[in-house]
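Each in structure tokens, the structures are laid out below.
The same chain A turns up in both complexes below, where it pairs with chain B and then with chain C.
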Partner chain A sequence: MPHQRKSIFFLLLLLPLPVFLLSLTVGSYHIPFEEVLAILVGGIDPHPSFSQTQIYRDVIFMIRLPRILLSLLGGIALSVSGASLQSVFKNPLVDSYILGLSAGAGLGAALAIAFLPNFVGLTQLSAFSFSFLAFMLTYFVARDRGQASTVSLVLAGVIVTALFSAALSMIKFFTSPEKLSSVVYWLMGSMAVSGWDEVLQSGPLILFAFLIIGLMRWRLNVLSMGDEEAKSLGINVERDRLVILLTTTLMVSSFVSVSGIIGWVGLVIPHLVRMLMGTPDNRIVIPISASLGGVFLLLADDVARSLTSYELPVGVITTIIGAPFFLYLLRRRGGSTWRQ
Partner chain B sequence: METIVSVEDLSFSYGGAFKLNSISLKVSAGTVLTLLGPNGCGKTTLLKCINALLKPESGKVVIFGKNAHELRRWELARLVGYVPQAHVSPFPYSTLDLVLMGRTAHLDFFQQPSNLDYEIAEKALSIVGLDRLKHRPYDQLSGGERQLALIARAIAQEPKLLLLDEPTAHLDFKNQFLVLSIVRRIARENGIGVIMSLHDPNHAILFSDIVALMKNGSIFDMGPSHLVITKEKIENVYEISVRVVNHTDGFLVAPSMETFS
Partner chain C sequence: MRSKPLIAILALVLIVISAGLLLTLANVPGETQQSSITIQDMSGRNIVLSLPVSRVVILNSYWNEIASTLGVSDRIVGIDKYTLSSVYIPKTVKERPVVGDLFSGVNLETILSLKPDAVIMDFGYGKTADIIKSLESIGIPVICMYSNNFNDQLNTIRLLGKVFGVEARAESLVNFLEIRHSIIVATASKIPDSERPTVLLCRVEKDGLLTAYGNSTWGKIVEDTGGINIALRNFPNQAWPKINLETLLAWDPEIIIIVGYDSLGLQSQLDLIMKSNVWNNLKAVKESRVYTVLIGSRTEGAYLDWGPRMLIGEMELAKIIQPKYFGDLNVDVVSDMLFSTYYTQ
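The block that comes next holds the complex of A and B.
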């Protein structure tokens, strides 16, 4: 790596740390920065007594810390999956949201929340299965003689997403009133109601999938050259692509099943990373997408919980930033992206 | 001389119609075989069958004593380097990163390229004379440079056999000769066998040891260029009338204008 790129690389890689500390101070209950540092260093007091510090501690450890960790994990899941899908499909305009994976995971999770017994892992399993099903539908609708073009993938994704969203609305209609509120809360796409349970349910799965994709970051480069070239270079394309797609689905569906559908992160972040780093090399794009994705979703969530006295769904904020960025990408490429 | 690849009675069909009809050929170390013939005669299909990208209906491809279609992709990629026609990727990797991809077959599943892989890639770039452009994004290279970068990538694979699909397509007059002379030099210096498809009989005359003249999925004639590229055979295969002109260094083929008037 050239020297200057190396400095930017490490700067961006460490960026989540200061944003993490900053986010602990943000919220309707203000906690001064020195208090945050003191509490983090001091840990949990073994003999708690009622005091101002105790309230701070509870706010930090019970409410803010899990929410912040979940935002970081979600940012990793959405942006790393976006970067991987873009490489595998040689298509800079796709991510989990556009290909219908998110809508599929949403439907699977909603089904489980509404109708299945509250059993550890069941929601995740249902979200994973439906997410992969949605993706398969998109892929087979788009495929023509073994190739799926940029346009047909995006269009097929729109159709599949519409279909699964309609099914999701039906579920809301048939859900019993006592379960309806939890489905609706979750659907808004928000980390607002999340606690340690959500972090523990999704975190290990997301980190495991991230590890696999991280280890395959060189293979992603070769896969992005197209099937025939990747084969000629010594890659078992069908197997490697399946591994990437399964791990991608795992990380996206794990996050969606605890936080609902949040769009655009997977599209915006990898592009931003390629621009900032000046290379499409996934050995750089994957780790930096993870850190910038985490920072982006965390900052968006900070805004969501501090902008107004009500909680805004974080998905609204990512869309307000993401959709114009997508338009900018299309314009900048002069439409040539669509013709490939 | 050591045989690198032998294609034995290979037939391939696509949707019932025969595209290749019992092809047999051999290439030994350090020699260049050129597939010559009109569009649609099966040159690219044959290259893809040899590289196991297509599965033949019958017959086999034996590379270094091993059946190409029974090897795993990474095993085959250590024996065969494939140079596709120059193209543009939606992801503009640097030229060095592109060439480094040639090392993939030598890496484990979760492994990243090491310093040694970088050295081999840089050496491949210097063999084709592109060292100065290694940090340039691949899509900013000229057509000829792109073709050379793809050849460097195949060299980095350290193959025994190099396959090139129309390496002179879209290149200007000078670059056509530059690319072909580099291909021949690589074959000679590294003892690599080369099979390439070409459109121009005069390129075949200048740069190949053996010419396989193809027509309708079969090999019409095969041998040294002065025996294969004759007035009668070229006229038969291409269905135009030509003259063969002798000059001080050899001979060349030129179309007779009366065909077109």
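The block that comes next holds the complex of A and C.
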């Protein structure tokens, strides 16, 4: 790596840290900056007899911290899976939703909202199972004589998405207005009332999947060259591709099941990273995508929770920022941000 | 001789002071007697509340409406998004910070910054389960509310009366509603089956399909007021079955009641019906027994809704369904009494 790129690499890699600290101070409950610092450092209590400090602690540790961690994890899941799949499919317009994950998660959530009792965690479990089911369907529909080519995977993904979306519309149509509203808002994506439970449910799975992708970042490079070339380099294309598909599905499903559908992160961030770093090398793109993805979703969620007295759906914010930004990127690069 | 008035004045002053002292002393134990109460909310949980409950966040418009009729609107410090669209809630309440809603979620930090003694909200749908869990994890008591019929409605009024310490006012409102409701139900129960018309209570959707009120609160009011709810009889387990024109023709109800949130909405439904030749074949259309009723809380004159106004809505339906038995009911007089007594601050 050239020297300049190396410094940018480390700068971007460390970016989540200041944004993390900034996010802890943002919110509709006003906490003076020095109080946040004091509470974080711990032990140093500026007003020992002040019961207000306990409320500050609750705000920081029970409300802000779990959401911040969930945003970081979600950003990692969405952008790393996007970057990986773009390599596997050799297609810059692919993100994790191409395999039918969002339609699966949406259908799972809607089924739970419409037909299952209102228990904490049940909707998440159903969304997770169905997005995994959608992926398995996509994969097995695409498989032909033991092989699933990228083209047939994309086509199968489109078909499964259409099928699951139709089933989702059917549920929306027949369910009561009250449940319909719940489904619609779930699809918009929000971490409004997410707490430690959600972090503990999805965090370990996302980190585990991220570790696997991280270990396979070199193989991702080889896979992105094309099947023939990859085979000639001694790579088991079919097996490695399945491992990456399964891993990305695992990380995205774990996150989407607790947050609802949040779009555009997986598309915009890897492109931005390739442009900033001037390379499609996954050994650089994967870690920087993780860091910038986390930063992007974290900032979007900061806006969602502090712009108004109520909550804005974060999925809508990522789209409002992401879509025009993507257009800008495409224009700047004369229609293509993909460089091999 | 001159000292007599002076003594009299002194005596008077003494009496006043000691009376004042006595009153104050008598009041002291009353104020410190109870520092907290335990109530059972509508989900059956026991909730401990520190007294007095002087700051609440209420996340449904109907509970905001009931709290306002109980005269405690000044204790509402935060509201949900949908409360803004109700015309039956005092302006001062609608100026409170909006903290979100039960479908898209609430801003926990905003709620915390309002320092509520309790949060009052529905449960069992949307994001309620997650919201309750989150609020309780940061130490805010949540009072879960629920209402599925008229009696539930009365119980919620009693419960809120207890929460706010205004039991007497709550009981007077409950009595007002209960007496009139029980007369209607008792009268209707004596109507022979042969005199009960088949009734369809519905909304005409933009695509021409109908959403009928089956096994829902308002659907059951149709039966309570002497009608046969044809949607409930056909779909006993569905709250809002959707039906098409063929089903409508097959049912051919004697009375059709179309509901809408405002007069514009009602008019557009009627326009849709006018355009359709199918409707002309219906008994209710031929006999001019198609009625419109305003529902919800978005316009003045809409009564069929959760909250005390439900009584007026019930009276409206009774007059339409059984004019022979309820034709003399004076909706205007009762609604004037309700509004002048309970909807003023």
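In this text, the second predicted complex is superposed on the first by the 240 of 340 C-alpha atoms of A that agree within 3 Å, B and C clash if a C-alpha of one lies under 4 Å from a C-alpha of the other, contacts with A are read in each partner's own complex, and residues count from 1 in each chain.
Everything below uses one rule, namely that a contact is a pair of C-beta atoms (placed from the backbone, for glycine too) under 8 Å apart; a residue touches a chain by one contact, two chains touch by 3 or more.
Computed from a prediction, not measured in an experiment: that's the story for all the values here.
Engineer: Applying the touch criterion given at the start, work out whether A:28 contacts chain B, chain C, both or neither, answering first, second, both or neither.
Structural biologist: Touch status of A:28: second partner only.
Engineer: Touching A:192 in the superposition: chain B (first), chain C (second), both, neither?
Structural biologist: Touch partner of A:192: chain C, not chain B.
Engineer: Quick one: classify A:202 as touching chain B (first), chain C (second), both or neither.
Structural biologist: It touches nothing on chain B or chain C.
Engineer: Between chain B (first) and chain C (second), which, if any, makes contact with A:231: first, second, both or neither?
Structural biologist: The first partner, chain B, only.
Engineer: Touch check for A:138: first (chain B), second (chain C), both, or neither?
Structural biologist: Neither: A:138 stays clear of chain B and chain C.
Engineer: In the superposed arrangement, does A:222 touch chain B (first), chain C (second), both or neither?
Structural biologist: After superposition on chain A, A:222 lies in contact with chain B alone.
Engineer: Quick one: classify A:90 as touching chain B (first), chain C (second), both or neither.
Structural biologist: A:90: touches chain B, not chain C.
Engineer: Now for A:249: first (chain B), second (chain C), both, or neither, which partner does it touch?
Structural biologist: Neither: A:249 stays clear of chain B and chain C.
Engineer: Is there a shared patch on chain A that both chain B and chain C touch, and which residues make it up?
Structural biologist: Dual-contact residues (chain A): none.
Engineer: Per the contact definition, I'd like the list of chain A residues that touch chain B in the complex.
Structural biologist: 2, 87, 90-92, 215-219, 221-222, 224-226, 228-229, 231-237, 279-281, 283, 337, 340
Engineer: Where on chain C does chain A make contact in their complex?
Structural biologist: Its residues touching chain A are 81, 97-101, 103-110, 112-113, 123-131, 133-134, 137-139, 239-240, 242.
Engineer: Which positions of chain A touch chain C when the two form their complex?
Structural biologist: Its residues touching chain C are 27-30, 55, 58-59, 62-64, 118-120, 173-174, 176-179, 181-182, 184-185, 188, 190, 192-195, 197, 305-306, 308-311, 313.
Engineer: What part of chain B is in contact with chain A in the complex they form?
Structural biologist: Touching chain A: residues 48, 51, 53, 72-74, 76-78, 80-82, 84, 89-94, 97, 101-102, 104-107, 109-113, 135, 153, 157 of chain B.
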